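Both complexes below contain subunit A, partnered by subunit B and then by subunit C.
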Partner chain A sequence: MTRLAATLLALAALAALSGAGAEAAEPAPSAMVQVPGGEVALLFPVEGEDLVTVAPFAIDATPVTNAQFLAFVRAHPEWARGAVPRVFAGEAYLAHWGEDGGLGTADPDAPVTNVSWFAAAAYCEARGARLPTEAEWELVARAGERLTDGYLEPGYRERVLALVTGRAAVPGPVGRGEVNAYGVRDMHGLVWEWVFDVGAAMNTADSRAVGDRRLLLLCGGGSTGASDTSDYAAFLRYAFRSGLSGDYAGGGLGFRCAS
Partner chain B sequence: MPRTLRALALAALAALAPLLAACGEEGAAAPAPTEDRVLAVHGAHAGTGGAHAASAHGAYAAPVSARAEVASAAHHAVHGEALPAGELPGTSLFHLASAWTDHRGRSFALPELRGRPSVFVMFYGDCTTACPLLVKAAQDIEAALPEDLREEVGFVMVTFATEADTPEKLRAYAAAKGLDRENWRWLVGSPLQTRQLAALLGVQYRDLGNGMFAHSNVVTVLDREGVPLARIEGLGADPGPAVGALLRAF
Partner chain C sequence: MRDKSGNLPVAAIVGGAALVVALAVVVALFGGRGVTAAAPPLGDPQVQHTLAETPAHTTHDLTINAVWADRPLRADAEDQVPVEELPVFDAVLGYAPHAAPPVDRDYRAHVRVELEVVEKVMELADGVEYRFWTFGGSVPGPMVRVREGDYVTFTLQNHPSSLFPHNIDLHAVSGQGGGAEATLVSPGQQATFSFTALNPGVYVYHCATAPVGMHIANGMYGLIVVEPKEGFPAVDREYYVMQGDFYTKGDFGERGFQEFDMMRAIDEDAAYVVFNGRVGSLTGDNALQAKVGETVRLFVGNGGPNLTSSFHVIGDVFDRVWVEGGAMVNRDIQTTVIPAGGAAVVEFDTNVPASLTLVDHAIFRAFNKGAIGSLVVTGDEDHVVYSGRVDIRPYDPEAKAGH
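After this line comes the complex of A and B, so read on.
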């Protein structure tokens, strides 16, 4: 059984190699990193949800790049700028690419940005993967340089906040930034990232509440329910995510896949 | 807390100003399908040279190119003929074309609703407080319509509980409320399409992992082409705006 699996893997690797030879410059998807799972405290827990248990999963070691997303768009032209329905992607969708539908002056190795949640989810689905859930993403983001629980590592909060606030206006190539204890790169220093459960941000368990919770979350009062008010970088992430709608596409927002 | 850390955080918060600016300005942070947004989209059509014209039934505003198609769809719906497969408006939710399973185990895709206005609610079966009120809100909307139009509106009730709410369970739920009817569709889909629909409707929800879901309470009215006409958030809301939107859609 193991030998059969190994043979199949070798065959698959050979096929991938010969495929790459036949058509140059087709970027492979990002390598994935296995994460054993664990428990994560969401910054704004719903009542009775102090710790979310996360099952083992795999996550891309780096964010999805312009080149990788271009290969997806070429294979799925319904996701090209100009073809995608407005309801799935706003005006800024892939606005940094060339007029001809190619990358233009965009760095092929930089994380793709100006992608809506719908487009990001479709990319991952086409790869047989999915977007990471908010809890999965936060579990990985919480890792320090050497410990999977960064809170136990001196300087973690300051380092992450410096990475987030020190981002370049136009992100550089993936894979050259910080690497955490799981071996996952660029969780903080390049871009914000979509998660699967967009619109899961809720700071009240009272589903009978009237009104728009997103405003509560963003506007001061919401922070009183936060589980760790000293983690400003996490506060920024949650604040940013809570204001997003699925069709939003923006310059500082990319994604990676999980499975 | 170190001062420098706080200063950095404030600087970063300033970078989020466009989002934060929405505080106290209702709806601005949530470009979900609200009536305002729909109107804004139509306004943009006018601005780009498409003259508005009323459809055969009144208030549906669309560019001239789409108008004929809409009027034609209405005509076909009335006469029970096959609908034309014209291009959907960009803001139509019917672009979400993947198949769901309904309470009778049938496959159902949103584009099948083309030609008739619809009312969308997201709920789940084991929810005992908010959801019965959401279902009641949809019933109230139907009851407030003129009798000859009630069957013409599609009521689409979509569960958050993609595992627990099997078609059988949905059918029992619908039957218990006297709503196992032809124009009521109780749908269950994959986690992805459920999240996709929620994103389109501006519905927030979170799986609490114990069979319960935290969720916002939203009733959305779509026109014949799947474009949101009205969005009512909160329980016990006046059905008036939804009924008004439906009447305009006919």
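After this line comes the complex of A and C, so read on.
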């Protein structure tokens, strides 16, 4: 056999080995996008504060994937399914993975779902990052295809609503969906995403009123005090967040990190 | 009577005027029609002007409200029994067009109800698919049927395959959000609350998660019937029909998968107005059935989200309408108004065989948007009630003029 053939053969073998051992290889680190910050109008403005100022920050370009989360669990086995206490991750935690603790039939490049807030926060922390705040996430989500304020683009609300309601029951791989004006992908079309202060819209300084603000999302009360009553995707998103507790893990809920 | 200057004295003028007025009054009161019924003069404080006392009118029966209208709620001994001592039953649901079975007990009970929310793609019309959000897998959701005063424990389950959180507001519930506050569930969760069915009547239930209009527009509604303590009068047939409007990107009949159109919903520009969640749900092989001589009762709800229904059955008259699903019973009604988020009960005694047609009489909805259904009545003819055509021949206006 010639040296060239042998080299090619070795390279092919190496590639095959890498393919087979994809689960064990470290996934590529998430690309992050710098967001210049700005002012964002939350769907339910807190009294006296129409706009929330957000300082410049960085956010993952795509949601965290199954492969990336697996590497985290391997490095931090206290977050393996079955090892983590129930209070930090509900019964459905990583339910879509294999029995042996690997990915099973789950797509390595799909966003990781069935993760609780605690697990998501721990992942970001292990990376030296954090979960984005609701204001940061909403600032990025507000971007359209060309403009950082998607409301200025005709048909923006309908496009976002179609992305949200058209999600597949099992999300596909990250990085192939819609990209917005910041260069951030898959904000609407794949999964719901955890934020750091998931109950923020529901909290005010007066703790007696906490229950009342949550009621804003129920029975039409949600239209009073909302900053834009025709942004149905935002209503769906805020309604989803309002029902969450830290240990909840579901098949349609993933996350990305910020710093 | 004139004085020296030729002027009529004031008294004479006034007297004359009074005479004219009196004559005018007499004519107005008594002239031009028979004197058999003389209405007392208006403004006479001695006479009460109520319909029942005016002899000219045949008395319309004002006591048309059902027995349960003015009874105090929760005043009976059975209502004081502690909840823990009540017999427990699991609710038997009715899937449209079938009503839930009538309540067959005369005592208070603890009824357990479970409803599952499932988001699923189904046909809105032939060849038209739509992603419905449903209670119990169907539009409308199943009928719940309990007795006035029952203690109801309600569990709402959100299937893990759902993408969205949901909850439920039952209009029969007195309490925060009609239960919506207690039942918000993320996918893969269930929540439970309890309530007492204080008021009898026929009530809508629907999802109340933001954006509420979208949840209702996607089919999340049904009926909960609270029978009064003495129950409803028995009838031969009961059916469950619920009208709803749908807002799709494509127009009526456009084939393929259709998405919810938010702007059309806000503009109340419905592409579809249908009974029981789809075009043709009550036509052809799906038509309702009855026999001549039977009394038919339809529980008719309107989930909306936007449109009020002008509900009519072509070929028959509603002998009784429970106005808005409550205690007031109206009689001999052609078309009844059912508000969005409301209900009515219509009853009719069938007299002749016919294919009766249920419609929303805002008629373009019936013929162009799907608000049409059938109730086929079979049995013996009665040619005195309805003869059918007895003659047909050419019509010549000229020949007619010659007579």
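In the analysis below, the second predicted complex is superposed on the first by the 221 of 259 C-alpha atoms of A that agree within 3 Å, B and C clash if a C-alpha of one lies under 4 Å from a C-alpha of the other, contacts with A are read in each partner's own complex, and residues count from 1 in each chain.
FYI, contacts are C-beta pairs under 8 Å (C-beta built on N, C-alpha and C of every residue); 3 or more make two chains touch, one makes a residue touch a chain.
If you're wondering where the values come from, they're calculated on a predicted model, not measured in any experiment.
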Touching partner for A:197 - first (subunit B), second (subunit C), both, neither: first
Partner chain(s) touched by A:92 [first = subunit B, second = subunit C, both, neither]: second
First, second, both or neither for A:243, with subunit B first and subunit C second: both
Contacts of A:169 with subunit B and subunit C, given as first, second, both or neither: second
Contacts of A:52 with subunit B and subunit C, given as first, second, both or neither: first
First (subunit B), second (subunit C), both or neither touched by A:32: neither
Partner chain in contact with A:147 - subunit B first, subunit C second, else both or neither: neither
Contacts of A:126 with subunit B and subunit C, given as first, second, both or neither: neither
Winner by number of subunit A residues touched, once subunit B and subunit C are compared: B
Touched partner set for A:41, first subunit B, second subunit C, both or neither: neither
Intersection of subunit A interface sets (partners subunit B, subunit C): 157-158, 161-162, 164-165, 214-215, 218-220, 230, 232, 235-236, 239-240, 243, 248
Parts of subunit A lying in touch with subunit C, wherever the complex brings them together: 92, 157-158, 161-162, 164-167, 169, 214-215, 217-220, 222-223, 230, 232, 235-236, 238-240, 242-244, 248, 250-252
Parts of subunit B lying in touch with subunit A, wherever the complex brings them together: 1-2, 5-6, 8-9, 11-13, 15-16, 19-20, 22-24, 26-27, 29-32, 41, 88, 90-93, 95, 127, 129-130, 192, 195-196, 198-200, 202-210, 213-217, 233-235, 237
List of subunit C residues in touch with subunit A within their complex: 131, 160-165, 167, 169, 176-178, 180-181, 184-189, 208-212, 214, 259-263, 266
Footprint of subunit B on subunit A - complex, ascending: 46, 48-49, 52-53, 85-88, 90, 117-118, 121, 125, 130, 157-158, 161-162, 164-165, 196-202, 204-205, 207-215, 218-220, 230, 232-233, 235-236, 239-240, 243, 245-248
